[in-house]
Amino acid sequence: MKFNLGCQLNYEIYSDSTLIFNIAVCNNRFQNILQEDLHIAPDVPMDEYIPPELENRYIRVNSPPGNLEISYQATVEFKPFEEHPHDIHEVTPAKLPLDVLPYLYPSRYCESDRLMRFAQTEFGDLVPDYSRVTAICNWIYENVTYLSGSTNAHTSAFDTVTERAGVCRDFAHLGIALCRSLNIPARFVTGYAYDLQPPDFHAYFEAYLGDRWYLFDATRLVPRTGLIRIGTGRDAADVSFATIFGSVFMSKMELFVDCISPGECPIYTEEAIAFLE
Amino acid sequence: MKFNLGCQLNYEIYSDSTLIFNIAVCNNRFQNILQEDLHIAPDVPMDEYIPPELENRYIRVNSPPGNLEISYQATVEFKPFEEHPHDIHEVTPAKLPLDVLPYLYPSRYCESDRLMRFAQTEFGDLVPDYSRVTAICNWIYENVTYLSGSTNAHTSAFDTVTERAGVCRDFAHLGIALCRSLNIPARFVTGYAYDLQPPDFHAYFEAYLGDRWYLFDATRLVPRTGLIRIGTGRDAADVSFATIFGSVFMSKMELFVDCISPGECPIYTEEAIAFLE
Amino acid sequence: MKFNLGCQLNYEIYSDSTLIFNIAVCNNRFQNILQEDLHIAPDVPMDEYIPPELENRYIRVNSPPGNLEISYQATVEFKPFEEHPHDIHEVTPAKLPLDVLPYLYPSRYCESDRLMRFAQTEFGDLVPDYSRVTAICNWIYENVTYLSGSTNAHTSAFDTVTERAGVCRDFAHLGIALCRSLNIPARFVTGYAYDLQPPDFHAYFEAYLGDRWYLFDATRLVPRTGLIRIGTGRDAADVSFATIFGSVFMSKMELFVDCISPGECPIYTEEAIAFLE
Amino acid sequence: MKFNLGCQLNYEIYSDSTLIFNIAVCNNRFQNILQEDLHIAPDVPMDEYIPPELENRYIRVNSPPGNLEISYQATVEFKPFEEHPHDIHEVTPAKLPLDVLPYLYPSRYCESDRLMRFAQTEFGDLVPDYSRVTAICNWIYENVTYLSGSTNAHTSAFDTVTERAGVCRDFAHLGIALCRSLNIPARFVTGYAYDLQPPDFHAYFEAYLGDRWYLFDATRLVPRTGLIRIGTGRDAADVSFATIFGSVFMSKMELFVDCISPGECPIYTEEAIAFLE
C-alpha cells in the first residue's frame, strides 16, 4: 500500500523558543519512505536526532519570536506484517529478551505498579496469549468513553481507569499499564492514521508477544493496517508530536493521509499486525 | 437481643495531648443502653459532646505526659429493624429530604465526583432500588481483597477502586462513594461487631432508600444484625475511634462483644436492616 | 452599609432535573435582609431548607425540560464586626468548643491529613495567633497564581499546593487545609463580593480563633468588609452555588453588588473581621 | 581510591520466579573493577545484559522454589572527577545534545510536568548554573525529613513535595523532578555508598550541566566522592536493586563498603563531581 501523508503546523512564537517535533515517519524496509519533504519558514536552525535503539526522528527547531510554519509531506510504501493470532503467546520474564525490560516498568502515564490487583482481578485468569491483550482492549473499549476534551496533558492510566473517559492517548496509556501489570511488555506508538475523522495525530500501543511487537488500538477508530508509524516510546512523554520550550501558541494544525493504492486500502482485520524493523 | 461489649485502650503520652474518642455506643429506643461504665486512669479532665443532628458521643480527654488507660463497658438491649427488601426504592434528588443532602456530596475519603462514569458503567443500568446497593456491595466483595495492612489513614475510595485491596473502612468508603455517584445518599458508620475475628472496631455504611437509612456491609465479615452503633458521619474523618492531638503511642487495644441473649444471637440474613432513631 | 445585590441564572434543561441553589444571602442581626425577591420562570416546584446548625439557604428546584430562569435580588443592611487582631489567639484542641470539631477534620477538597509536614515546615514555628493565619494567606498569595481556567471541579488543596495556580475556590481550599493541618478549625464561605471584577460568586474562608470565626481571603481581590455571605460549609462540596442533578446547560450567569450607602462603602483594612450570628 | 564492597541477599522463593538484579558496579576507565565475584546458590540459570547506551548490568536469575542466596563482591579502583563549580552552566534546550532529551521528560516517580509552577516560584529567578541545582538540593534537605518507613514503592516526587518526608530514593526523585521542571536534564543513580549508616543501597541523582553529568545528593548522608555507581536510569523504576516476578520474600540483606586506600578515603567537598564514562 502506498500513502501520501503530511501535516501543516503554524505557531506564534513570543520569545526565543525550542520546539522538538515527532512528525516525520520512520523509515525502514517495511515502511519505506519513497519521497519526503520537510519545510520550515522562516529558515531557522534545525537538527535531527535518531536514537540508536529506536527509529524515532526527533527534529529540533530553534525559533526567534514571530510566526513559524512547519509542513511535512511524505509518500510511503507500507506493508504491514499480518499473522494469525492463534499461536502468539506471552513470554514470561524468565525468557524475555532483556532489552525489552524497560517496557515492563511503570512510566509517567502508565503507573502499572498501582494497577496490579486490578489487572489480576479482571484479566489474571485469562489464557496468557494474544487473546488476553485483545481482552484488555475490549474492556477499555467497552468501559471507557472516547470524549474529546475530557482529559489533559497530566492525565494518566491511573486516572482513566476510574474516570472512564479519554482520548486515543489515554486509551493507549491504559492498555500499556494493564499489559505491564500482567508482565507483558508494552509501549506507546504515534502515527498517521488512515481514515481518522477528524484527522489528527493518532496514538495506539504495542505489546511484546512471541518474538516481536504486535499492534493494538483500543479505540477501534481506524483499521490497524492503516497506521503509519512516527515514533515509539514508553508513553506519550517520549513521543509528543511537539514538545515546546518557550512561549508559543499553536495557531493551526492540519493533517492528511491519503491511500494512493487503488483497490488495496486498509480495512479492519482480526489478524495480528506487527511492525517489523 | 442483649449484648455486653466494651474496649480497653492504653496509651503512652509523651506531651500534653488531647484525645477525642468515639467508643461509647449511642443510645435510643432501639439501641438502649441498660448500663454502662467509662473509666479513665489517671483521673484527667474529660467532657462529652453529642451533636444535635446525630447521636454520636464525642469524648474528649486532655492528658498530661504519662500512661493513660481508658476502658469502656456497656450492656445494650438492641432490636434491629428488619424488613423485606422488595419494596425499598431509591429516592430521586427531586424528592429527597433536604437534610439528607450532605450525604450526597463527596467527602475526604469518598470522592464520588471522580467515580461518576465508573459507577454509571458498572451500575447505571440496574433497577434503582435496594438491590442496586446490594449489587455495589457484591461488586466490592468480589473485586476488592480484604487485606490487613494494605492501606493507611490516607487511603480513599479513589485509591481502592484501582488498588483493589483494603480493610473494613476502605470497603465502606468505596460503597459510600459509589452510592453517592449514583445519587444515593450514603454515610459511614462505626460500631462494635458481634463475632468479628479478630475483635476490632468495625466500619460499614448506610444508604438512604425509601424513607430511612439501611445498613450495608460489603466485607461480609459479620451478620448485620449484630452491629451495635457507635457513630455516624460522612466518612472515617468524622468518627475515628480515636483522634489524637499530641505525641501519643497506643500500647494496647482490646475489644469484646458478647451476646447475652441465649438462643437469639445475630445470624446472617437477606432482610433489609435499618437503624431507627 | 447597605447593598443591593443579586444574580440572574439561565439554564437549558434537557431532561427532568433537580437543581439545588445557594444564591440567597443568609439573614441575621448583622446581615439583615431588608427586602428580597426570588423569581423562577416558568413556575416550577421549589422548596427551601435551612439546616439547624448553619444559616445556609438551600433552594431546590425541580424542572421539566425547557428553559429555566432564576433571578435573585436582595437589599441587605450589613455591619461587619471589626476588631484589632493583636489579641486574637489560637485555641488548642484541649479547649475548642466541641461543635467546632468537624472543621478540624479533612474534607474532599481540603486534605489536611496529607499536608501536616508541609504546614509544620512552613508555619509550625510561627506565633499561634491571628498572625499565623495571615501568614498562611500571604504565603498563598505570593506562591499561587490566580489564573482563570487553571483548575476544575476536582481540584483540591493537595493539587494546588504543588501546581501553584487556581481560582478563589482553590485559594480558600488551600487556606482551610493549611489551617486544619495546624489544628486551627477552618471552613469555606461563599458570598457576593463588592467590587469583584468580573462579577462572580466569591469564595473565601473562616478560621476559628479566640471565641469566634474570623474571615480571611488569600486572593486579596476585594475588601473583606464587602463580603455578603451566602453559605458556609466544610468546603465547596457543601455550598456550590448550583448543584445539578440532570442534563443541564448554563447559558447565562450575571451578578451585581452595589453599595447604596454613599460615603461608607467597603475599603481594605487590616482589622480582623468576624461574621456574627 | 580503592574500595572493597559487596552485598549478600537471601530470598525465600515460593514459586518459579524471576529476579532481575542491579547490584554489580559498572566498569569503565574511571571506575575500574580490579576483581569481582558473583555467587548464586543454588546454581540456577542466570544471564546478564548491558544496554548499549548505559553501563548498567542487569542480572537475571530464574529460580525454582526454595532458598536463594546471591552474594556479590568487588574491588574497585575509583577516581572521581572533581572540578570547581564556578563555571558550570545550564544548557538550554536549544543546545542540549539530543540524546539527553529523555532525561528532560517526566517519568513515573518524577512528574516534572506537575511541578512547573512550583519550581518556577521557588527556583525560577536563580542564576541558571551549577548553583541552582545546589539550591534545589538545599531546599530538599531543609524541607524534607529523612524518615525510614515514611514512604513506599508507589511514592513519587509529587507526593514528597507535599508530604515532606522520605528516604534517599524520594530525595533523588524530587531533585530530578525539580531539575526537569526547569529544563535541566536529570537522572537517577544507584550505588554503593562509603560510610552510609546503616549500610544500604544508596540513591542520588545527576544533572546535565556544561557538557557532562554532575552528581548531586540532597540527603547529605555521605561524601559524594565515595559513591560507587551501580546503575543509571530515568528513576527508580529503571534500576531497582531487585525487580521480582514471582512469590518471593527477602530474608536477609547485608552490604559493606570498605575504603582500602589508607590516607585517601572520601571526604565531603564542595567541588562539582562528575562521573566520566
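Read from first to last, the chains carry the letters A, B, C and D; within each, the first residue is number 1.
Note that a residue touches a chain if its C-beta (ideal position, glycine included) is under 8 Å from a C-beta of that chain, and two chains touch if they have at least 3 such contacts.
Being a predicted model, the structure only gives us computed values, none of them experimental.
Averaged C-alpha coordinates give centres for chain C and chain D that are 47 Å from one another.
Averaged C-alpha coordinates put the centre of chain A at 45 Å from the centre of chain C.
A separation of 30 Å divides the Cα centre of chain A from that of chain D. Within chain B, residues 114 each touch two or more of the remaining chains.
If the chains shown are joined wherever they touch, the resulting network closes on itself as one ring, and no chain has more or fewer than two partners.
Pairs of chains that satisfy the touch definition comprise A-B, A-D, B-C, C-D. By the touch criterion given at the top, residues 114-115, 117-118, 120-121, 143, 145, 158, 161-165 of chain C touch chain D in their complex. On chain A, the positions that touch chain D within their shared complex are 16, 18, 20, 47, 49, 51-53, 58, 60, 62, 92-94, 98-99, 101-102, 105-108, 110-111, 113-114, 153-154, 183, 237-238, 243, 245.
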